[in-house]
Structures are given as C-alpha cells and as structure tokens.
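Listed next: structures, encoded as structure tokens.
One chain, subunit A, links the two complexes that follow: it is found with subunit B in the first and with subunit C in the second.
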Partner chain A sequence: MTFIGMNNRTRGKRLAGGTLLLALAALATTLFYATSPLFAQATSGSAEPALSGAASGSLTLWTDPKTGEVFTRPGRGRVPLILNTGGGASAQHAVEEQLQEQKAQTAKLAQQLDQQQKQTAAVTKQVQEVTPAWQDYLASYKNKVSIGTQVWFGYSLFSHTGWGPQYLTQQIWPGPGNDGYNDFFLHRGYLNFFFYPTEDWTVRVTPNIYTMQGSTANQAFGGNAGIPNTNVGNLGYRIKYAYLQYNTPFKNLGIDAIKTDKIIIGVQPQPITAWEEDLYGYRFVNLTTWNMSEASTYPGLSVQGPITFGKDNLQYIDYNIGVFDNASFHAFEGTNTKEVQGRVSIYPFGARWRFQGLGITSYYAFGYGNNTPDQAQLSTPFKGPNSEIERLAEIVHYDAENWGIAFEYDWGRNAWSPGNMFSGSGPAALYGLTPNAAFIPKSVAINQAAYANLADALLNNGRSYQRGYNFFGHYHLPQTRYTLFGWIEQWNANTQVKNNPFDFERVVLGVAYQWNEYLRFALDTQNTLFYHSQYNMPVSYAKQFNWSAPKGFTGTSIPDVVTSDTHMFMLNAEFVF
Partner chain B sequence: MNRIRSNLAKPSGFLKAGAVAGALALAAAGCSTMAAPADSPPAASAQSASAKPATPAPDVTDCAIVTLSTPTLYACGGKVYTVFQLQHLREQASAAKAGG
Partner chain C sequence: MAAIALALPVLSGCGIVAPWSMEPPPPASALTQAHSDPQEWIGKRLPDLTAKLGEPSSIEPLQETTGDLVIYSHPGFPHYVFETGPNGKIVSASTAP
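The block that comes next holds the complex of A and B.
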C-alpha cells in the first residue's frame, strides 16, 4: 500500500487516468472483500486478471520500468508487478477460524456460565436448607423425649387417731390419744422421663420424692461429739421406675392379636397395683388393697399387653406376667429365689379402651420373704419372715366413661405382716421401743407390749391366711365437674384366728373436683374400723400361735386386744403432666 | 344406671343380684359393638384424635381415666385422647364459641 501510494503520488501524472482509477478500484475492492469472501466472489468477474491473483494471496499488475507506470494489463515493455496482498484468503480463513474458535469459546463460556449459575443456585438452596445442629437436635429431642411430673399433695385432719395401716404411701400419724393431729403432706413427687429412641424401644426413668423414714439413732462424730439423725422426715429422692421397654417383640410374627405386646426389663410396676390404680382412678386419695402390703414396683422382667381380635381390634384379654425380685424397689434383694406374678384381665364382650365394659381380672403372685439363703434355712418353729408368700385377687369390674364399679375378692398366705398392719402408726413395742413413761403407766406399757407380741404371733407365724372383700367405684355427676367415689374394704388379717382383733374395715368416701385436664382435687374421709367387739384374748389361745409374754406380763389374758378406730378427713390435690 | 336402679328396688336379694348382673351384661353387650384400639399408646390415640370431631369437643370431666402417666390418657366418646389433645380441643372449642 505504501508502495502504491508512493507511486500514486510520485507517478500519478504518467498513469493513464482511467486505468489507474480502475486499478485502484480493483485493489480497493479486493482488499475490502478479502475479509468477506462471499462478496469477493460475487464481484470477482469485474477484474478477473487482477482478482485471479488475489485468490492466491497476491495481485499481479504490470509496470513499465522505464516510466514507472503501472498497468492492469500486460503490454510491451511492461513487466509483471506482483503485489502481495497479505494472503487475503488465508487471512480470511484465519479470521474465520478465529471466529469459529471465538464462537466455540463463547459457547463454552456460556455453557460454563450456565453450569455455574446452576451450581450457585443449588448451593444457595442447600445453604438455605441447612438446619443448624441445635435446631436439628431440638427437633429430634422433641419427638423422642417426654418429660412430665406427677405430684400428690394433701392435708389430713385426724379426728380420731388410732393404730393401723397407712392410707397413702409414707403417711404416718401419732397413735391413740392424739385426736386433732393434722398435717400437710407430699405423698408423691414424680419426674417422668420417657425416651423413644426408635419405634421399637422406650426407656423410662422416674425419680420420686418421698418422705424418709428410718432409724432414729444418733451418731457419734469425733471422740466427744454426736450428731442427731436428720433422715427422718426429710424429702428424699429415689428411683421409682427405671426400665427398658421393647415395644415390638412380636411384631414380625404376623399375629395381629399380639402385635402391640411388649417386654419390659428393669425396675417396673408389678402387674396388679398400677393397673388397679388406673381402674379405680383415685389413687391420689387412698391405697389399693394389695398395695397396702406389697410395693407397687419391683426389679424384674415382664411381658405384657393386650390381645385383640376382630376387624374392630377390640381388646378381649389384657395380661402382665413377670419374674421379679422378692425385694421391692427400695430394698436389697436377699434371696436365692425369685417371685412370679401374673395378671390376666378378660373382657368377654371386647373393650374399645383399656377398661371399657365388663372385665374379669385374676391376679396371682408367688414369692418368698426377703431373707438370705443361710437365714432362710434356719430351723424356727414358725418360719414367719422366711415363708412362702402368696397373693390372689379376683376382680369383676365394669367401666364406662362416666362411672365405674368393681368388686374384688382377695386371698393371701403370709401376705400381711405386723409391719403392714401398723404401717401408719403402731404400738411402740412393735418397733422395739418403750413408750414414754411420763404418759403411759408401766402396766399399760406392758399390755401394749403384749399386744405387739400378739400382732407378731398372729400375723407373722408362717401359716397365716388373709381374706379381703372390696367394693369400689366412682360416679360422675352429669353436667358438673364433680365425681363421687369410694372404696369399702373388709380385711381379715388371718382367717386362722377366731375373732381376730386385727380384722378391720376401711371406708373411704369422697368427692373429687376436676379443675382441668391436669389438676384434680378431692375432699374425703378415710376410716379404719376394727369391727370386733372389745375382748381379752386368753394367753392359752395366743400361745397356739407362738405368742410370748413380754417382760413383766403376768396375766392370763391379753386385755383389750381390739384397738381403737382411726378417722381422718383429707383434702387431696393431684397434678399430672 | 336407670335399669340398675329399678332392678335394685325389687325385694329379693337373689333377684337383685341377678338383675344387676343382667343389666351389666346388657350394657356390656351394647357397648361391645363399638370399635377402637384398646390400651392405646399416645401415638395411636393421636391418630384417633386427629380427625375433625363431628360431635362437640370432649370434656375431660366426661371422660374415663385410661392411664395416669406422662401423658395421662382419657377415654371420651369411645376414643382415647392425651390430656394435651383434650386441652387443645377445649381451647379450639372455646375460641370457636367466642368467635360466634
């Protein structure tokens, strides 16, 4: 170009005007269309000689060396002037390649961008969906843990105090001569922890607040000091329940009737008491009968559950069978034997819920006194605490949603000890203590000791048989929050004894008020009535049961063996969550 | 209950017992046609209670105790509810009543 330009400017006058213009036009056209092959081809016919060379990357003109004129056609004295056009076709090709490459790169970048955008969106979504660990933990915790409580609190006013069995767990009162005694009392303070790690397993741990009772002995502390006993009356904490429950042991057997039955291992309710408490519904007011002589909870293993049939899945049988320690949850196990307990409830017409309709329940327990094997082998005239223990209950019950009634027959063998008889309050001598001489004349104290020995002879002799009749129920007053309830019991402490002075009737009557789903109150009266007429038991008869006279006792009969009744009014509150 | 009361009014003790037993059997037979799972755990009862009640919300005072535990279960209208469900239904009913 520079060359041509220079020639143009220096030699312009000698170049024929039309020829020069044509050449320049051809050159410009060639150069211009070199970058546009389609247009170059379309116009190539207008300057074929020159453009023919352009196709190869050069332009051939002719020049007269003498004059320096440039011609587009050969002629005499002219020599070819080949101008390199810079490889138009190859440049075009290169440009095309570059364009294609550029397009490919652009497409690749677009693809990468699209992919990047998708990844970014996915990451954004993932980040948005990420739940903090603590939230995940709490959500899981909420679905797998239940925490609740059960509190029973009461106020008792004893219009007449006597000796006898307690009405509620750990409830005590002073003996005869203390009319008007009253107290506020915490009977139960559960903390219920239920864990449901999987559908198959449930874990329950329930500590319970209770009132501590025990030895009153003070203790030496150092060489010349002592400290008082501070256990008695304190609210202690102990484990009431701690067990592992296998919810689906029979699930894979393909037997629908028992698919919800379960196996429980650990410290758990024995088969009768907790079940009967729910049947009665007013355990926060008074104890059920067998619970007055055996704990509600034992360490052991049980299998239990409903047996259901039919398309409506009605419950026809409900059972609970287990093997337990002879010692309850608040004692050491001392034996080399174990206790077997079982309950079977039959609902002949089917039950929609646990107690619905007519039910017939049988309960049986066979165990031993909680003594170590060496002590159990001792030869004693009457193996009281070493004896076999049996308990039986036959209950016919009917439950509707607004009322329920039940009749219970009890039979027992060696199942009612002096400790059960006087769990609420008893003669001091029964517990190895001497009455305060300032209040009790010595002669009366000796007679009390004789009475205590009589309890031990008649109730702890290894051949005692018990019998009980119970009638209990409740009726909800329609359109109110009030429910009437009651429990009437006759208890024969040992049917082998004629006119057993320890026979009694227990009468509980009350009205409950349901505040809401969690809170109930009750106002009730509870009474222990020793119903035999007062009499003196001949020593000769008492000795048939291995009665022994206390020191200083010289009489031929034990005077006034029928102790006084106890009457108590109570306000109870129950909170269960 | 009315049947029971009227039968108890009869003079014969034997008839009284028979009447009571008969009334119980009749009542039980009448109820046996109802359907619901027995001894329902909380999860099962939650299912039964999740359905929108066609009848007025159950009141705990009209229900029978099934289990005193955490949570306590009550039977109302043939279904088993937890106390939490009963509370929820009661509050729903109160709100609906207040809203007209």
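The block that comes next holds the complex of A and C.
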C-alpha cells in the first residue's frame, strides 16, 4: 500500500499509540466495505470519518505535520492525509472493462449483422437476375457461329455455238449448229457454316449445290423392267470446303510480321484460284484461267498469310503454300504421290489492304495425274494422264479503290487435257459417243472422230506445254453503281504443235450493277475465238503425236481442224449473304 | 431474265434486296473528324459502318474468306477500304493513299 501525499519528512515516522490503532481500524473497515457503492456517495467534510474519495479508491485522514499524529477528523494544524485504498477502484475498473468489452462485442455483432443483411440482399438480387443456362449458351453460341450463303444464277444466250471450254462451272451447251440456244441455270449454291470455338480456331463447312453430269446408262430394275437415269441435270450436293483453321500458330513466337498467319487442314482452296477470283472480282461471271483446268479446292494442308512490316503494318508479302491430293474435292485420290502448290505475292511498296497498289505474284504447282501406282507405272509411248503436271503463273497487278488491272503470263506442262478443252461442249466421239446419223452424214462423223482423236493426241500425250497471256481488270464508274470489267486471254494449248488448231482467245466484256450489299448483276458477252485460219492437218504430222485414225478414216489429212467460234451473252446474278 | 424479274419483287418483299439509300454520304469534314483512324472500326459490323459513313461505293464479295471488301471512294470525300470476315465483322480498315 502506498501512502499518497506523505512527504519525505514524514516517511518512516510512526503514528502515535491509540491514534494509530484507530486509524488502522478505520482503514480495515474501509477496505472491508470498499466495494460498496454507498462509499461512493460519501463526501469529505461530513461528520462521519472522512473517507471521501472512496469512490475513486482513496481514504482521507488528517495529520499534524509537526507531531506526525494522524487523525480521522480535520482540526487545527492538521492537513489532509489521502490514502489509496486500491481494491474498490480495481473492481470498478474491471466492471468498466467488462462493460467496454461487452459494448465492443455488441458493436461487432451489430456490424456482422449488418454485413450479413447486405450479403443476403446481394444474393437475393443475384438469384433474381440469374440467366437460365440455355439463354447464356445461346447468347454465347450466337457469337461463335455464322451461317451464310452464296448463289450464282444466270441466263445465257448463245448467238453462235461451237465446241470449247466452259465459261462457268458446270455450264454446258450443245455444239455447232445450235445457234440461239439459251438457258437459265444455277451455277453455284453454297451454304457457308463457320464455327469459332476460340479465337485460335475456325471450322468451316461449305456444301455446294451443283449441276450433276455423268453416266447416262439406264438401269435394269427387276427381271423385266428398267428405270431411266435421272442424274444428268439434277442439282447434286457435295462438300466444297471442309477445313479446320488454326488462326494463331505463330502468335507466341513474338514476331509481329507473321502473327496473323494460319495453318489450314482439310478440303480447302488451292493457292491461286480463290485468290485470283478476289483480285478480279467477277468470278460469278467467268472462270479464271487456271481454274479452267484445275479445281479450285483440294484436300490438303497449307500455311498461309500476310507478312507485314512497319509502323503502318503494311502487307509486303502474302503467301499460301501447301501439300494436296492430286485428286480434287470431287474425286477419289488414286496416287501414292502428292501435289505441292505455292503462291507468293510481293507488294514492293506495301499494301494497305488485300490487293492495294503494285503487286507481283508467282504461282507454281507440281503434281501428277490422278492414277493408281500400278497404272501410273505402265510403259506407254505417251504417258498421257499418268504424267507429271506443272502449272506456273506470273501476275503483275495494280489495285486501287476504284479500279484494278492485271497482266498474267501462264506456263504449263501436261496441264490442259481434252476434257479441259471441251468442258463446255465437245465432239461426241471425244466422249466415246456416236453422233446422231440423222443429222450428220457418216463421212462427217468419221472426220469428227478424227478430230477428237487429234485432240487426244495433241493435248494428252504427256509432252504438252501450255502458254497463256491474260489481261483483266475492272473500273468502277464514280458516283454510280456500275463497274466495267473484262478478261482477255490467249491460250496456246500445246506450244509443241505448229498452228495448233486448239489455240484460242477468250474475250469477256461486261458491266456489273450493284443493287445492294447482297446482290450484284452483270450483263456481259463471252466469246471463244479459235484464231488460226482453217486448214487440214496432214496425217503424217498428226502421227508424230501418236494420233490414230478412227475406223473408216482413209484420208491423208484431217479436214477443217479449226473448229468454229462460240459467242454468248449472259446475264448473271450473284446473291451473297 | 424473266426469272430474275420475278425473283426481285419476291426478294424485295423479304427485305433482302432493298437498294441502298440514295442519300449522299455525310460531309467530308465530318468524316475526317469522326473517323480519322479507320482502325477504330475493326470489330464492328457493316451496318454500324454504313450508319455512320453512308452508302459505300462498292462491295466485292471475297471468295477466299466469304467476307467482303467494302470500298468508300466517293469523289471529294475520304476514301476508305474495309474488309469484313465471314461473320460480318470488320477485320481490317485502311485509308486509301
């Protein structure tokens, strides 16, 4: 116990006899009742022993500084002696601490309750706003799938019919002597399905509706009945594109120049045709040159894309290199080899968009005829369709917003077959058929067979070389919806032949009208001109190419080997959605 | 010819072949100010573009991608060339030099 207020002078002095005892008794009493709140109400100066300050845990006595005596009452010469009783204050303090703790806990509980109420409100709101799973799935799926279509429809009027290559895919017409032939026909009907599961991958499936051509054989049906063939002319349904596209194979290399290049596996466009169709812009009107002898789509694997440089991210190189089947998308693969194709387009000044500015494009393909290995190894004087096939194109092009122009040089080896030559219409004998004797005298039919054999000898001998020159472009008339376009081609079917009667020029001129973003029309004229003067080819010369005389042919020359021209007008419509 | 003549009203009834608005595009100054950087259009759709820039001069469908080359070359106005992807969204945008 500490005696508060005792100075140094009184420290150590003893209280006088009875007074001390009395003081101690009072102190004991004070301590005994220290926790009683009654003491807290006592005030100093009262008649009772002055135990003021008990409420704060202290006891006040009086002492005479001169004598050192201690008194319970104030008196003359006495000064207050305050004693700290301690126990009551501790209890009070403990109670106060408990109260404070209780208050703190109560406040904490109130805070927790408030927080819980807020969380409950939030959960309630979430539950109210929750989207059904099927809605979320559809909303997400909508952005991952796109469906489109492309339809080409046309009307053609042939002022002069002849034999020759088709102008558009699956377009056919009767041969010479059928001037005025005309037809409506559907060239193409695509359904484009795209799926983008992630930004890295794209899946494309495009069924193609096309005009069926094929065997005309009827079929027996039961013991005494037959059914006619119904394939020819029907609209068939086949896969044109079906591929998986890896959009970001080079993204992680950290090379900005090739970050958008991609790898494609599946049935896909070969490197030249679709690209050139886009450069030209009027594929719905006429075929591009190499597309007249090779399909636009093959099963295979390719890597392709632009190479860009500089702060403006201009395209300086665009390439497409791949390995494909020798068979196209509408044939079985028969070979144990594969075809390699590649295209590289260089834009020396950089292209702001796909074809902008000056471009120089090289295309090369090396492959084989689509024959099984055992057939391909047969020893024949002229390997014909078993031979190697090469195609080359060198294109210089310039493209602006309103116009584009291109010059193309082509070179090929065994790349132009009789089937390509007469894909639109050809002599019946070429397809193993006999002309109708009611319309063609027998002597003429024999000459026609000799002509068909000549086509096979000159174009399918395994030693043929092709050469072509093309000039094409378009010009959009400002402030109108009209665009003028044209394609002029000279084609040498086999440069190894003098005055090859199968050489021709193709001239396409037209004007297109854009109705809206989905629909375009074109009015055009398309012509095949066999430009050599008419002549008779000596049999001796034809035999150098392994020509064989048809049954009944006895002449020394094949007469009139330059066939007649074809002239046609066409109204084309393209619908893309 | 007759088939197309018959088909057009049918398609028109479906709202597919409504021709473009013949209204002129916005003033060149507005175009320049609002769209000085055509890259801002990447990711947006063609209707958004035509709503701001008006009728394009021409649209060429692309065989390779099934997208479109959308060309603005109105005389006296800024020239732009946009390319859309198969889903109709703009994938590249350029100002003609």
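Throughout what follows, the second predicted complex is superposed on the first by the 457 of 577 C-alpha atoms of A that agree within 3 Å, B and C clash if a C-alpha of one lies under 4 Å from a C-alpha of the other, contacts with A are read in each partner's own complex, and residues count from 1 in each chain.
Convention: a residue touches a chain if its C-beta (ideal position, glycine included) is under 8 Å from a C-beta of that chain, and two chains touch if they have at least 3 such contacts.
Since this is a predicted model, take the numbers as computed values, not measurements.
Q: Superpose on subunit A as described above, then tell me if subunit B and subunit C fit or clash.
A: They clash: once the shared chain is superposed, the two partners overlap in space.
Q: Is A:Phe194 contacted by the first partner subunit B, the second partner subunit C, both or neither?
A: both
Q: Considering only the touch criterion stated at the top, classify A:Gly281 as touching first (subunit B), second (subunit C), both, or neither.
A: both
Q: When the two structures are overlaid on chain A, which partner does A:Thr289 contact: first (subunit B), second (subunit C), both, or neither?
A: A:Thr289 sits against neither subunit B nor subunit C.
Q: A:Thr308 contacts which: subunit B (first), subunit C (second), both, neither?
A: A:Thr308 contacts subunit B only, not subunit C.
Q: First (subunit B), second (subunit C), both or neither: which does A:Thr528 touch?
A: neither
Q: With both complexes overlaid on chain A, does A:Pro348 touch subunit B (first), subunit C (second), both or neither?
A: Touch status of A:Pro348: first partner only.
Q: Which holds for A:Asp318: it touches subunit B only (first), subunit C only (second), both, or neither?
A: In the superposed model, A:Asp318 contacts subunit B only, not subunit C.
Q: Quick check on the superposed pair: does A:Ala400 touch subunit B, subunit C, both, or neither? Answer first, second, both or neither.
A: After superposing on A, A:Ala400 lies in contact with both subunit B and subunit C.
Q: After superposition on the shared chain, which partner residues are touched by A:Asn492: those of subunit B (first), subunit C (second), both, or neither?
A: Touch status of A:Asn492: no partner.
Q: I'd like to check the shared interface: which positions of subunit A are touched by both subunit B and subunit C across the two complexes?
A: In subunit A, residues 146, 148, 150, 192, 194, 277-278, 281, 283, 352-354, 356-357, 400-402, 476, 481, 483, 514, 516-518, 576-577 are touched by subunit B and also by subunit C.
Q: Looking at the complex, which residues from subunit B come into contact with subunit A?
A: For this pair, the touching residues of subunit B are 1, 24-25, 27-29, 31-32, 34-41, 60-72, 74-78, 80, 83-84, 86-87, 90.
Q: What residues of subunit C sit close enough to touch subunit A in their complex?
A: That would be residues 1, 3-4, 11, 16-20, 46, 56-64, 66, 68-75, 79, 81, 83, 86-88, 92, 94-97 of subunit C.
Q: Mind listing the subunit A positions that touch subunit B in their complex?
A: Interface residues on subunit A, with respect to subunit B: 146-150, 192, 194, 260, 277-278, 281, 283, 305-306, 308, 311-315, 318, 347-358, 398-404, 476, 480-481, 483, 514, 516-518, 576-577.
Q: Can you check the complex and tell me which residues of subunit A touch subunit C?
A: 146, 148, 150, 153, 155, 184, 192, 194, 196, 204, 269, 274-275, 277-278, 281, 283, 352-354, 356-357, 400-402, 476, 478-479, 481, 483, 514-521, 571, 573-574, 576-577
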